[in-house]
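Take a look at these structures.
What follows is a pair of complexes built around chain A, which joins chain B in one and chain C in the other.
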Partner chain A sequence: MKKIKTTKFLPFIFLSPFLILFGLFYIAPLIYGFYLSLFHQYGLRPPVFIGFKNYLQVFNDTNFWMSILNMTKFFLIQGSIMIGLALIFALYIDNQKNRFRGFFRMVYYIPFAIPTAISGILWGFMYSKSMSPFQSIFGIFGLHPDFLASNALFWSIINIVTWEWTGYNMIIIYSGLQSIPRELYEAAHIDGAKRFDIIRYVKIPLIIPSLILSIVFTVIGTFQIFNEPYVLESMTFISPHFTPNLYIYTTAFSYGNFNFAAAMAIVLALVTFAVSMIFMRFAGFKEE
Partner chain B sequence: MEEKRIKRNYYSAKSVIFLSLMFVASVYFLLPLFWIIVASSKSNAQLFSTNPLWFATPFDMLKNIKNASSYDNFILWRWFLNSIIYASTVSAGTALISAMAGFAFSKYNFFGKNVLFYIVLGTIMVPSTALVLPIYLLMHSMNLINTYWAVILPSLVNPFAIYLMRIFWMQEFPNELIDAAHVDGASDFAIFFKIGLPMVRGGLATVALFSFVSTWNNFFLPLVVISKSKLFPLTLGISIWTSLTSTGRGPSYGAITMGILISITPLIIAFIFLRRYWQAGLNSGAVKG
Partner chain C sequence: MNKKFVVVVLLALVFVLSVSMIFAQSSSIQLPKYNGPAVTLTFWSWVPGISNSIAKFEQAYPKIKINYVNVGANFTEYNKLLTALSAGSGAPDVAQIEYQVLPTFISYGGLVDLSKYGANNYKPLFVPWTWGQVSRGNAVYAIPQDTGPLALAYNKAIFEKYGLTVPKTWEEFLNDAKKLYKESKGQVYMTNFNAKGASNVNWLVGLFWAAGGHLWTYNGNTWTQTINSPINKRVINYWGKMVDNGYASTYEPFTSDWYNNLSNGKIASMISAAWLPLLLANNLSKQYAGQWRIVPLPYFAGEKPTSGNWGGSTDAVTIQSKHPEAAMIFALWLNANPLSTTLDNENGGLFPAAISGLKDPSMHNTSTKTDQFFGGQDVNQAFFNASNIVNVNFTWAPWANYFFNSLANYMNDAINGKMAWDQALDQLQTSTLNYAKNQGFNVK
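And now, the complex of A and B:
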């Protein structure tokens, strides 16, 4: 592509507002966070340099790894349900024969416009015994479930997150479907392919990049879950190591141990990065 | 065209079943919104005793608006105003900053361009805690805690917006135009502001909308850097109300549900009227490029 030929510093003038803020609020905090993670503070005494000892402690911290494991489980279950549903919905609204496509597309996507903290409170109220619209429905069958009980909470939060993000993922996959040339379907149709064959052998292989994008966003999002369990804390007991972010936040702001929290945040970043890379690699192999 | 060639059969059993399932899913997605409208029209007593899925008499919506509004010296509307201040400042700022950066990334060659671009993109994967904890300490030492800037400045850095704007510049603004403008003696800044920005206005609108939404919806950053209730955005304020009320010290549930309704209505309206831009953002952001 042809580019502007001009003085060398000009592009940096256009970049400078971004670069300054990026340096101050992305790069500097990352470096400072790493720096913090190398210290330990005993009581009110000044921090002492301890090298990588915090990291050693992170690796031996059962609570931290329980939270990672919990979110891995969450990702496998919730991610499969959500992306599966998003794929079905996207295929439905992509089919021009289907009615109400525009209506469904909009309705499913609406929860994306609602702050996740608010969704958490909203569903929390709907789960609570006193206000729940579900109690009377379940009551017909003689059931009185407690959605906020500790053994149900995992599934209740899966439901909240699925409600929030299915439409968003549907739109990502739908965009992938929209970019497939329509002539391909006609060609397949003439060759005698049934609707299901077209989905299986034309549509799905061609939207693998969108699916991978959905999966990677879900990985990143799941390991960062914080708002929903945090706001539900006012309605029920939630283990402080339910998610890594909740644990890191509690360590920093309730126990004041910023150094250890910083080390955990960096390990969390590395875990997220590694898992995302695995999926992207996997996608790379698929395409070749 | 293609539609006519394929035989239509709307009423086959399979398609009816599928359509019904799609409607069931719609009920699932709309139910919480319907519930919140119903709940915000009830008094506390009605909330706990009447059918949760239908309105009750007397219809207390106006009373709840009054209760929610007047609680703690109209603080709810202060939060509403704060959310508007945060979201609109960040949205305008992000649009301009990422338009400039996207212009540089798409129209110039410079040393380290690709490396820099990949670093910017890679940061999408950094969890917010890894940034927000040190940001809190850094801001503490700069005396920025409990100021509007504490929320606005970090939110202006939006790698995804840069990625989007780069695509919009590549697609909507031909390089030949730049050459032509150069021949006419226009400076690069004149080209950017006078010719360029109007041509990528679709991209600007998309980026502005997305960053407005993500700032309006942000919770974690304000939770960490804001502790003065006068500076809360709606998300934080309502979550504090909820925890106060759960210990019996906050406003009534009718007022809280009304607060929730007030906090989600602007974006749902924006969402319905600006559909085009939501779709555009995800289309180009998600797949092309």
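And now, the complex of A and C:
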């Protein structure tokens, strides 16, 4: 009798370390955030329940939607560049004849090992007009680019994010490539396929799931960009609604408007979820 | 002894006694004693060198120890303070808060009403308009520290090199700017348009103030917001012209780029509050040391010369303080004791709000590093003159923190040509009005 009882609860006992942490640090803040978003509180006065009024305000907030638009633009441009590069690098290191694949695999992956906040600061110094070692190199050609100027900032941050995440996406695609059975290459070879044909007709179609995975991760990651613009704030002027998360942060901690910030965070999560879903459905159609 | 001689001596004595009585008026009020247990207070402030005054305070009040932390200037500190107050812990006992954001913190409910500890007894020690800024009726929410009357600092050597006359009006300033641009082929700027950050745009509001413009008025019941009033638009369009034509650079102030360009003569003048000369003397290179001067702020021709205020701070006691009485005593001593105010003027460049501080003869000591940087000029006297023509009726709304963040954003857009300068004020008026209404304020 005792044995049956313990086996019933055994899975939960094994899962409990994860479940407790997941509950405390993931689920509980989510619920609290939703709870906060239903109230309005000014300063230290008692909070007032206002239902979904905050959400109505979010829909009317141009700054919030401008930041979403900004990140959509960011995703379309940066996402294409990054996934394109990741694909090229993955194909390169997948090529068995390449002697340096191990070296390049490491080199492309290293930026991912650096925390994004540090990357932001690193690139900030490289972009800075007074502290960058590259300014003197550019100076030789008579150029004095200001990478941190308002109109250049969008592209400068695209550069940082691409540098950070290409390696990560490359590994995802590479693992997809590695799982392609060798017989398919042999069969294609027999049919007279050259290297580029193999890439086009065998490799790429079979790694479409990996590509979709990369793209979905990129969508989610792009909407959540915060670290890079935040650490650059100390070096140049960044609009507080450059990204949705930056705007949520400013609303919460500069204006003390935690309730509205919570509502925006929930809306952001829903928008990210919707976009990912739409993309996956769209890509799912293509497979058939 | 000659009768005449005796009379003269007696008269002289009476004169000396009455004069000293006038001076003694303000110092006849004794600062409070502390009779409680030994405590440690946390103090947030960014005034340079304030630890010197703190050391003197600890000597005078051995039972009160001060844990001094500089968490950053202006909005860097205010964001932390606001968050700590909301969180219910982490706020200091005493915090430096400038006049323009004081209403935000009062309205937030984060500051202690010091009148219950007898703060009103010390009202006569301070310049009246500063006391008006820290009180609401009988309640007192902070102790005034310093003020920031505006004047113009200029590099005499650069002005002479390019044949510029010292401008009295804004029209003359613009003409100098045009001449400078032409003569230097656009290499030297007339001045810098401080922007890039909520902490860096208050000087512009000081200029609205000087021109007679207001942002907000309050009739006890409703707020009226006039960010895009004609006077303010006139000022912003003037500066728009300065920036768009390349007469004014747009460096972020208090950064190395800003200091470097002021040091090497690439920026010929700077709108200066009373606390700025010390920062210039301490941070600029020796290249033009002794060549800078202070003159009154320009005014629009045909109008009366007036000035505005840029900054100026108070020290407030937060509701999280476990020792509010000791905290008040500290804030009072720091800002009303002549020993402290003199040190703060020397080390921090603070232009005191305390009357005794203003009257202290050491304020006119021209051998200080600051005055020497300005060629031996009595810099404090120049700001005395400026403070006399500041219109003291200027009201700040409790949503000023939002206003400053937005102003910085719109100014950035205007600098980059994304919108017209006065249009920026229109947008700012609308968005700030919406924000205030959403927060529940009665404003139009």
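As a working rule, the second predicted complex is superposed on the first by the 277 of 288 C-alpha atoms of A that agree within 3 Å, B and C clash if a C-alpha of one lies under 4 Å from a C-alpha of the other, contacts with A are read in each partner's own complex, and residues count from 1 in each chain.
In the analysis below, a contact is a pair of C-beta atoms (placed from the backbone, for glycine too) under 8 Å apart; a residue touches a chain by one contact, two chains touch by 3 or more.
Keep in mind the model is a prediction, meaning the values are calculated, not measured.
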| item | value |
| --- | --- |
| Clash-or-fit label for the pair chain B, chain C on chain A | fit |
| Partner chain in contact with A:42 - chain B first, chain C second, else both or neither | second |
| Touched partner set for A:107, first chain B, second chain C, both or neither | first |
| Touching partner for A:57 - first (chain B), second (chain C), both, neither | second |
| Residues of chain A touched, compared between chain B and chain C (which is higher) | B |
| Vertex chain A angle, Cα centres of chain C and chain B, expressed to the nearest 10 degrees | 90 |
| Touched partner set for A:265, first chain B, second chain C, both or neither | first |
| Which superposed partner A:182 touches (first chain B, second chain C, both, neither) | first |
| Contacts of A:226 with chain B and chain C, given as first, second, both or neither | first |
| Partner chain in contact with A:144 - chain B first, chain C second, else both or neither | neither |
| Which of chain B and chain C A:172 touches, first, second, both or neither | first |
| Distance in angstrom between the closest Cα atoms of chain C and chain B, superposition on A | 6 |
| Overlap of the chain B and chain C footprints on chain A, listed as residue numbers | 130, 252-253, 258 |
| Chain A residues touching chain B - in the complex, by the definition given at the top | 1-4, 6, 8, 10-12, 14-15, 17-19, 21-22, 24-26, 28-30, 32-33, 36, 85, 89, 92, 96-100, 103-104, 106-111, 113-119, 121-126, 130-133, 135-136, 163, 166-167, 171-172, 175-176, 178-179, 182, 185-186, 189, 209-210, 213, 220, 223-224, 226-227, 230-231, 233-235, 245, 248-249, 252-253, 258, 261-262, 265-266, 268-269, 272-273, 276 |
| List of chain C residues in touch with chain A within their complex | 75, 78-79, 82-83, 85-86, 107-110, 195-198, 252, 256-257, 260, 319, 401-402, 405, 408-409, 412, 415-416, 438-440 |
| Residue numbers on chain B that touch chain A, as the complex places them | 2-3, 5-6, 8, 10, 15, 18-19, 22, 25-26, 28-33, 35-36, 39, 47-48, 51-53, 96-98, 100-101, 103-105, 107-111, 113, 120, 123-135, 137-138, 153-154, 156-157, 162, 175, 178-179, 182, 188, 192, 213, 216-220, 223-224, 234-236, 238-239, 242-243, 246, 253, 256-257, 260, 263-264, 267-268, 270-272, 275, 278-279, 282-283, 286-288 |
| Footprint of chain C on chain A - complex, ascending | 40, 42-45, 57, 129-130, 150-151, 236-237, 239-240, 250, 252-258 |
